[in-house]
Amino acid sequence: MTEHRYTLTLSCPDRVGIVAAVSGFVAQHGGFIVEASYHTDLETQRFFMRQEIRADSLPFDAAELRSHFAPLAEKFHMTWRVSDSAVKKRVVLLVSKQDHCLNDLLHRWRSGELEIDVPCVISNHEDLRGFVEWHGIPFICVDMPNNDEPGKAAAFDRIAVLFEQHRGDCMVLARFMQIVPPDLCACYAGRIINIHHSFLPSFAGARPYHQAYHRGVKLIGATCHYVSDELDAGPIIEQDTTRIDHGDTVEDMVRYGKDIEKNVLARGLRYHIEDRVLICGNKTIVFR
Amino acid sequence: MTEHRYTLTLSCPDRVGIVAAVSGFVAQHGGFIVEASYHTDLETQRFFMRQEIRADSLPFDAAELRSHFAPLAEKFHMTWRVSDSAVKKRVVLLVSKQDHCLNDLLHRWRSGELEIDVPCVISNHEDLRGFVEWHGIPFICVDMPNNDEPGKAAAFDRIAVLFEQHRGDCMVLARFMQIVPPDLCACYAGRIINIHHSFLPSFAGARPYHQAYHRGVKLIGATCHYVSDELDAGPIIEQDTTRIDHGDTVEDMVRYGKDIEKNVLARGLRYHIEDRVLICGNKTIVFR
Amino acid sequence: MTEHRYTLTLSCPDRVGIVAAVSGFVAQHGGFIVEASYHTDLETQRFFMRQEIRADSLPFDAAELRSHFAPLAEKFHMTWRVSDSAVKKRVVLLVSKQDHCLNDLLHRWRSGELEIDVPCVISNHEDLRGFVEWHGIPFICVDMPNNDEPGKAAAFDRIAVLFEQHRGDCMVLARFMQIVPPDLCACYAGRIINIHHSFLPSFAGARPYHQAYHRGVKLIGATCHYVSDELDAGPIIEQDTTRIDHGDTVEDMVRYGKDIEKNVLARGLRYHIEDRVLICGNKTIVFR
Amino acid sequence: MTEHRYTLTLSCPDRVGIVAAVSGFVAQHGGFIVEASYHTDLETQRFFMRQEIRADSLPFDAAELRSHFAPLAEKFHMTWRVSDSAVKKRVVLLVSKQDHCLNDLLHRWRSGELEIDVPCVISNHEDLRGFVEWHGIPFICVDMPNNDEPGKAAAFDRIAVLFEQHRGDCMVLARFMQIVPPDLCACYAGRIINIHHSFLPSFAGARPYHQAYHRGVKLIGATCHYVSDELDAGPIIEQDTTRIDHGDTVEDMVRYGKDIEKNVLARGLRYHIEDRVLICGNKTIVFR
């Protein structure tokens, strides 16, 4: 449905001539640039770039594009990647019992809005099996025993194995109410996306709507972020807020919050799978 | 310009029949209710109410209204107040060097949008004297010596004296970059309004836009709140947020932030002077 | 799940003493008012009111409440209604091929967020049968022949019959791409809810995102409204907007628009089924 | 205060190699690109580009930059311009009696936020003379006789003369309640900026808040646009909306509206003076 494109993302130390070199390289092969974005991080003086190129304008495929580009990348000391829009990202979804994010993501998937593959859905509860399987997607229940740390560690080991078996590109915690262990976070840095039901850094941790209620804030929010070893402190991809007032109970906040959560997660995931998100320290550059 | 009205605000332990009793009292005297709002706080089971009554529909003035209402108020153990729209609130403004909030509030005052009296503006710098005096408003500079705690305490004592001499009803810290001492906060609880340049509780204290920049949030905000003895932790009256992205520097955030700050402060102050804000513990009820 | 409540909504010519009379009536029977809202329309001098009363605080049921209240209603020439939260509204959904609103509403229904009954889903296409029937809800396909006015009229007659057979309280056009004939609009005034994919009154009629694209607006929106005999001109219940920019194609707008449409429709429907919407001429009062 | 920069803006028929050619040109002279943005209009297949270059990174001044760039521009059939941040744009403000936009813009000017020169303020009323002159800015009153078309035409002729005498770069109608004649619009196409107090295309023409009130919309807005010969139909630069409800009178809308108007106008003007706005038919590209 979408035009076939290659997306080149890169970062390197900033200097004069990077854009000229890269766009010169693309032009020299007849490449038609559809979208281009740049950013220099002022603290690290690191340059970030993203270009979408029409695949049919180039005389070679993604593999050849990579090999042709490699020398230039080396010259500028780039960290870089070329994605091919014809190769869908494989997104493994993790859920617990709350299904508003799952329902939203699966609808975007089945309507073709979100061009991903969903090789499986993993949950620590059986509740959502029927809904997931109706979509023809395998549903795998991995028990998370309460108050049993070795049991939990084993469960997360199994999740990592399942993720590899299903050749996942990224993992989405779509209201998965378990804390991912640090080693898994480190192993898949920049590849595990969480939706937290508060406007971080306010109200990290458990029961954020209760915290918001007791503080008496006038807006609540949600945050889509990469998971890091520090709870709810990883690089933020997307956030949003909505207005509440004194008449709203915690239950009302939970209800309003669901609408923000699913929209923020869907936008964040979309940015990620379209290679729009580049990580810079604990911050993100999002080339929208 | 505005219709002459009395505003009755009250709170009391919740029970059946409060609305009937109060609206019965008003109706019995022919009072025409223009606006009415209610709220019960679920944690304290305390009832809050606000009614605006057309002054010309009642056969008596505000003083008589108060004396007629007192027995009913006593019966229900109410904390209550009657305001008269013909008596403008006296708002003392405190500023430092940044004048976007001052400029905004004085425009709303001189255009008649904000129906208040501004008996004086107090500042710890001389910079804004010319602009304030052009409005015909006394400008008083109170020096705040750095690194001199007794000197600062004396300065705040002088501010309190000035506030009393000018018969202030409330004090607005319109980007006044000094920490109000706890005794003054306690003395004027619910009467000192501050604008903080972050979406509290995130980024309390100094340099919130720098904090926001380093955390990599995707929205910034501002908070209008009553000052309490804990820094940036008093009851929140109004908040708002605006979207930023990775390309925005701290200076950009400061610039966007000013527009939120002045709007949030203006709304919060308006709610306060129209007796729309009732304090319940560390939270507010805002009857908009 | 939700507390059992009666909701009294009424309108009548404005005068002194209505609130006192109604709240006096409720208090006299020990009724505990949970939520109360009032409004006077300045042009018609008509008074509107809504009260939620805890059912267990009254000594009688909804039928008796109605018969006790009738004399007072007559005295004030009220148009009024008492709803019982134990009796769920029966909402018939109409869809064509686009299913984002349907998916959203059915999720809110099956998760218990939206406390309605959905007796059936009617469509002019077969596409969504599987998804609807998975929910255990009857799916009825009513063919809408193109360029065949008598055929269309017959189809709408059948829809009206189905609506009656299923004892529908309201009809929701959840992206139903057919124009409802005037007689049906008149017959069910205030009971047919539509979601239009523009910020009305801009871009009424067909292909609003194309219209928005060609006008070069910087925000797009959606409107939930009651259907009237004039296309896209009925009383507006709820609206919202979102920011776009020059880089967004019509397809991007359609995608962003879906998220607004489903949220605006869900909010509008919720207000309707909670009896929060009162119609006043071609405008609505929404007691949130 | 701001870094010295040259801003190159251009448009030309789209083809492969434009970015490479332009960035190659800049790099060849050692130019350091601070910000770069591109857009292709799909309907006209026209390419638009904006680059900010650090002045001190180039070995020549703006005039030389222009002469060096001219051959490349000719080759690609570009419409183009180089602005120098050291040369402030001269913005002539036109107002009537309402001063919220004027107050806002003059504050942004005197605080250094808006880096423009204001050679004069023109009004059809004397009301704002004192405020403008306090800023040290000439205030010129041009009478606009009612129901006297030749008189009005003469007044606008005088405004055009004043604009030329003060070497104006652009004209801002900061709530100037007069319709600019078509010849003036044509003469200064893309240089006259208006703020309209509705979310266009809804409620063009007179009394938009009254129109909004009668239609019963749930949000109101404001639109900053270039003036064209068709009233309120020129290319839109910026818009925004805010929520209202049934309780808001026309006067309330006017009050809320002022806050949107001034913010939308300030943003639109900022984009214009920073050469971020490129006109494409009746639409704008805004490179933020």
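Labels for the chains are A, B, C and D, by order of writing; each one numbers its residues from 1.
In this text, contacts are C-beta pairs under 8 Å (C-beta built on N, C-alpha and C of every residue); 3 or more make two chains touch, one makes a residue touch a chain.
Keep in mind that what you see is a predicted model, and the values were worked out from it rather than measured.
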Review point. Going by the contact rule set out at the top, which chains touch both chain B and chain C?
Key: A, D
Check your understanding: What chain lies farthest away from chain C once each centre is taken as the mean of the Cα atoms?
Key -> D
Study note, to complete from the structure: Expressed in whole Å, how far the mean CA point of chain B lies from that of chain D is 36
Revision key, fill the gap. Whole-Å distance, C-alpha centre of chain A to that of chain B, is 41
Point to revise | For chain B, residues that touch 2 or more chains besides their own | key: 35, 247
Review point. What does chain D use to touch chain C in their complex?
Key: 39, 42, 199-203, 215-219, 221, 235-241, 245-247, 249, 280, 282-286, 288
Exercise for review: Would you mind writing out the residues of chain C in touch with chain B in their complex?
Suggested key: 16-17, 19-21, 23-24, 26-28, 30-36, 38, 40, 57
Review point. Across the complex, what residues on chain D touch chain B?
Key: 35, 99-100, 103-104, 107, 111, 113, 134, 247, 255, 258-259, 263, 266
